[in-house]
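What follows is a set of structures for review.
Note that chain A is present in both complexes that follow, paired respectively with chain B and with chain C.
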Partner chain A sequence: MATNTDRRRNNPPSGGTHAPVFARTLREPEYLQTLRPTRTRGPNELRRIFLQTSIIPSASGSAYLEIPSSSANSSSTLIPPTSSLKITASIQGPKPLPRSAPFSPSLLLTTTVKFAPFATRHRRGYIRDNTERDLGVHLETALRAVIIGERWPKSGVEVVVTILEGDEDGWWGDAHASGSGWGLLNVLAGCITVASAAITDAGIDCVDMVCGGVAAIIRNPDSRDEEDLVRVLDPCPAEHKQVVAACAVGYLASRDEVTEIWMKGDVGPDPDALIEGATHASVGSLAVVKEVLLEALQAKFQGQIESSQGAQKRKAQDVEMTG
Partner chain B sequence: MAVPSIALPGQLLGSADKYFPGPGTHIHESQIYASIAGPVITSPTPKSTQTKPSPLLSIQRPSTSTDPGILGTGSGGGGTILPEVNSVVLALITRLGPRFATCEILVINNIVCRESFQGQIRREDIRATEKDKIKMEESFRVGDLVRGTVISLGDQSNYYVSTSENEFGVVMARSEEGRLMYPVSWKEFRDPVTGRAEARKAAKPF
Partner chain C sequence: MATAASAPPPALTFPRPIFAAVSPHPFLQAHLSASKTAVRANGRAAHEFRAPGVNTGSLTHCNGSAVVRLGNTSVVCGVRAEILKEEDTPGTSSPAAVNANGDVEGDEDAGAEDEVETLRLLVPNVELSTGSTPAHIPGNAPSTFAQSLITRIRSLLHSTRLLRARDLRITYTPTTNPEDPEAAPETESKGYWVLYLDVFFISIDGNAFDATWLSILAALKNTRLPHAYFDEECEGILCSDDPSEARTLQLRGLPVSSSFAVFEGRGEGDGETGGEWVLSDPDAFEEGVCRETVTVTVDRGVIRRVEKSGGGVVGRETMKALVKRATERWAVVEGAVSGRP
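After this line comes the complex of A and B, so read on.
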């Protein structure tokens, strides 16, 4: 494990942040099943999204995304039924390249994705592991196609994404759920959306705003038939007992282009339907991003106009005093 | 179609036949799209070779506030701006070599940079006349503040800066005793207390 190789910090026992498991859930399997969360929204309905930009003053651009848990907390157990997604992104730069770097006529993009140690039920290390590096590469491909790099010669930009709370791979009561990787698709889509908002906040030239979206094929919980599959948008893996396939995309809505696809599972004969579902989900989150950015812009330029008016007033007063 | 007042990246602004793309926009399939978020500004094209000039569409970047913020200068307050050819810069001389002086570009076109850029003033770019007689130590000293213009994006690490015009050169210099000096001619600065003159390539005061 990565934590064993990290000798610079006082490491806690690995595998630490499990929520307590109460005896009743072990004794009575029926009781355990009553705690299972179910999807209450429609198959094409997304979870609510909270987004805010310009949260880190020292970064040139930053954003915070939160997709809160959709199920209500039950009063009978302390364990939250579904996980929520909380991601921050900060943009450092564009800044001059280090001295050792060779000449580059366009912007060099570096993406770093890191889970906070407490982000998942299983504690993460401080050093990036393979999953995080993999997510970073996926995020980079999604963003690379969007940025107009030629406008920033000889400079580099760093996109640092920290996942404060990651979507789970499945419900905590299902032993097989953890490690399946379904939650990572949601995390990737969230990373793409939040990084895109932060890049726009930083004022880096982009072709369009890229947004992440996820769609999944699940077994229909209401049906007895094993083969009855449904397509849902924005799946919360904890709410679905069996996810058959899932797909995350980075999608440019106004150009109708896809910059990144990550597909998992048994897609079946028609992968296009799944991809299309994921693009629909990304259009949904794009609406939120647009709304938030417009609001932030109005606030930013409102303040600018007022401050310039204030400066003019002060100047006018100075003239009066000297005259 | 009316031009929107405020735009987000990827938003259609107008046809490329009717407008010229300015800063903050790009062309895709002969349509002008926004590439940064901000208010859209339509301004008449300054110089145009066409018979019927099209208005210029550009997107305003938020102006950088002069307030350095709670974390001090160099943290957030500065603008994300890159040196371009012909931009006027203020730079601090950090090292003198026999062939060139190394400097740190701090201000570009009156905007304080978030991070400094490494620049180089080659000996032949210091002044326009008698280039073969230029001596480095009679032009700059380490610690001088120099106004210059960027002549090239340069190599991998340096921007090339030139001071070969009258209004470019040293604007602030300290004497050997560390006092701030005043310029007396295009090649001389004088210490206000001792009256000793030191050779510099002085910038013409406005």
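After this line comes the complex of A and C, so read on.
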């Protein structure tokens, strides 16, 4: 990244820097293999999800999603085995479009997805790259169909998603893993879920809650047969030696509609089973989202009732402005 | 302005948020000049700071990380260490000078400290455009505010000389001296650790500078660098992944910054002036109506840096009081950073 000088930020030394190389991983291949994480969940079991809404007071809606790493961080090495998923989403608006903008009969949706520099094993830059733009477009497709845009003519809304930590494309010890893009599907599903929760938090009218889900077809690690394939929900790519195909969907559970499909790899003759799996995964995350949103809503109304009761009392204390 | 004495005309009342949005300045002044309970609009007294919340080590891919909250301002800082090879350093630092100071003992030497700055071993960056505030929308270049924030942080890092060059240096002592087998082998510098300090704002509610600095401090204290050595066999720098060999950074003291904003009240008529209040740790609403700001950085009662801009209210006496407030604040922050409640 040495050539990439940005005059508005602090740049690294012009000679360029290198990520540290760990000696034991070079010298002892057996040791390397002991670090490989494996899936301990059942094939249909999802990782736990943590979701919180209204984390940014100055935004009209916001949410934070975390899917903790399923394999415990071992204390015997400094190299993290797998990464977790941590995403924040913030909604700015809806607000009126600038006067210079052409007339728009419905809400203009802008989505921005950005990885933090520390989100992945290799440091990322500050300027948005193609992967981030691509994710932004996918997210926009997933959300656009859900929002009832006709209720906000001449206005725009910004959906800003920041990935503080993203899933990896594969286990770092496998040379073929990086760049395969399996991790992006998980990131996209997370982005869809968190953005949708934030939109609900902002109170923008939607036809339904959209939720992301991922399913993958992997080579069965227990069998010798090359053709023995298993379908798993919510795959963590680092835990699987070989992912054959994967699919992320944005799914509206109560309407049984899909707003976004992103499929990769060699799906085989029956793609429906994979999509079906992904929708099952999204229904799983919907259960969590629903719970959190209901709780947040309850807390909000509780607060409103109390504040309206207290308003009479407070009026006496309020500072009066005259003249 | 508040509670006029002589026969007030029917008062015009608004709900609080609307009053604050429509006329922010009188709103805050009315709060501060209320005779009995003079508190700020956010419920704090003028000299009151927000309690810092620090949570370290939550990011997987960082050598050190911290999440810091100051009320509604929350920020994530990740420290990432990468290696700069000696042959990649520009010719500005002559290898001879580095060799002379390569020893651990030469640390307090002022000349050696310049390495951190001249070789740019610290790369702090701040990102505000994460939807954290409506004022910074992503897609644009960093705003003037963001750029000045980074510059202030960087200059504070260098002027307090927080990091020791010997912590970042990777040295190598050959087993034998190639030129003279009898003489002791010379230690040579083979490379440096470069620390990327990336600060991401999740939410901004005022006082971005203190939050950024606090997160950097906490993350640096949390940082563990793996043991790095020069390997003769592959002629490169390798690291050990054994956590017991990893080192923490030896920071020089703990400079803590405290920011203040000066609120100038408006008088009733011409020439008359209202009161003046110095508000500790201003939030976004207060920053919007204050012009003069003061940032005092102290380390255990010693002033490390004073920055003041925007007005002429803070004089010698007020400044003295502010330093005192900053010193009191230091103890609170020190407790939070070192994990004590």
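Throughout what follows, the second predicted complex is superposed on the first by the 298 of 323 C-alpha atoms of A that agree within 3 Å, B and C clash if a C-alpha of one lies under 4 Å from a C-alpha of the other, contacts with A are read in each partner's own complex, and residues count from 1 in each chain.
Basically, contacts are C-beta pairs under 8 Å (C-beta built on N, C-alpha and C of every residue); 3 or more make two chains touch, one makes a residue touch a chain.
Because the structure is predicted, anything quoted here is derived from the model rather than measured.
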Look at A:E158 in the shared chain and tell me whether it touches chain B only, chain C only, both, or neither; answer first, second, both or neither.
second
With both complexes overlaid on chain A, does A:L252 touch chain B (first), chain C (second), both or neither?
first
Just chain B (first), just chain C (second), both, or neither: which does A:A299 touch?
neither
In the overlaid three-chain picture, which partner chain does A:V137 touch, first (chain B) or second (chain C), both, or neither?
neither
Return first, second, both or neither, reflecting whether A:P94 touches chain B, chain C, both chains, or no partner chain.
first
With both complexes superposed on chain A, which partner does A:A287 reach: first (chain B), second (chain C), both or neither?
neither
On chain A, which partner's contacts cover more residues, chain B's or chain C's?
C
Which partner chains sit in contact with A:P57 here, chain B, chain C, both or neither? Use first/second/both/neither.
both
In chain A, both chain B and chain C touch residues 57-59
Show which residues of chain A lie in contact with chain B when the two form their complex.
57-60, 93-97, 99, 101-103, 148, 152-155, 200-209, 252-255, 290, 293-294, 297-298, 300-301, 304, 307
Within the complex, which stretch of chain A touches chain C?
8-26, 55-59, 62, 64, 69, 73, 75-80, 82-84, 86, 88-92, 112, 114, 116-121, 123, 126, 158, 160, 162, 164-165, 315, 318-323
Which of the residues in chain B come into contact with chain A in the complex?
6, 8-12, 24, 26, 28, 33, 35-39, 60-63, 65, 69-71, 75-76, 80, 82, 114-115, 117-118, 153, 155-157
Would you tell me which residues of chain C are touching chain A in their complex?
1-4, 8-9, 11-14, 16, 19, 23, 26, 30-31, 34, 59-62, 65, 72, 74, 76, 78, 80-85, 87-90, 119-121, 123-125, 127, 129-134, 137-139, 141-142, 146-147, 150, 154, 194, 196, 198, 200, 202-205, 224, 226, 228, 231, 234, 236-243, 246, 284
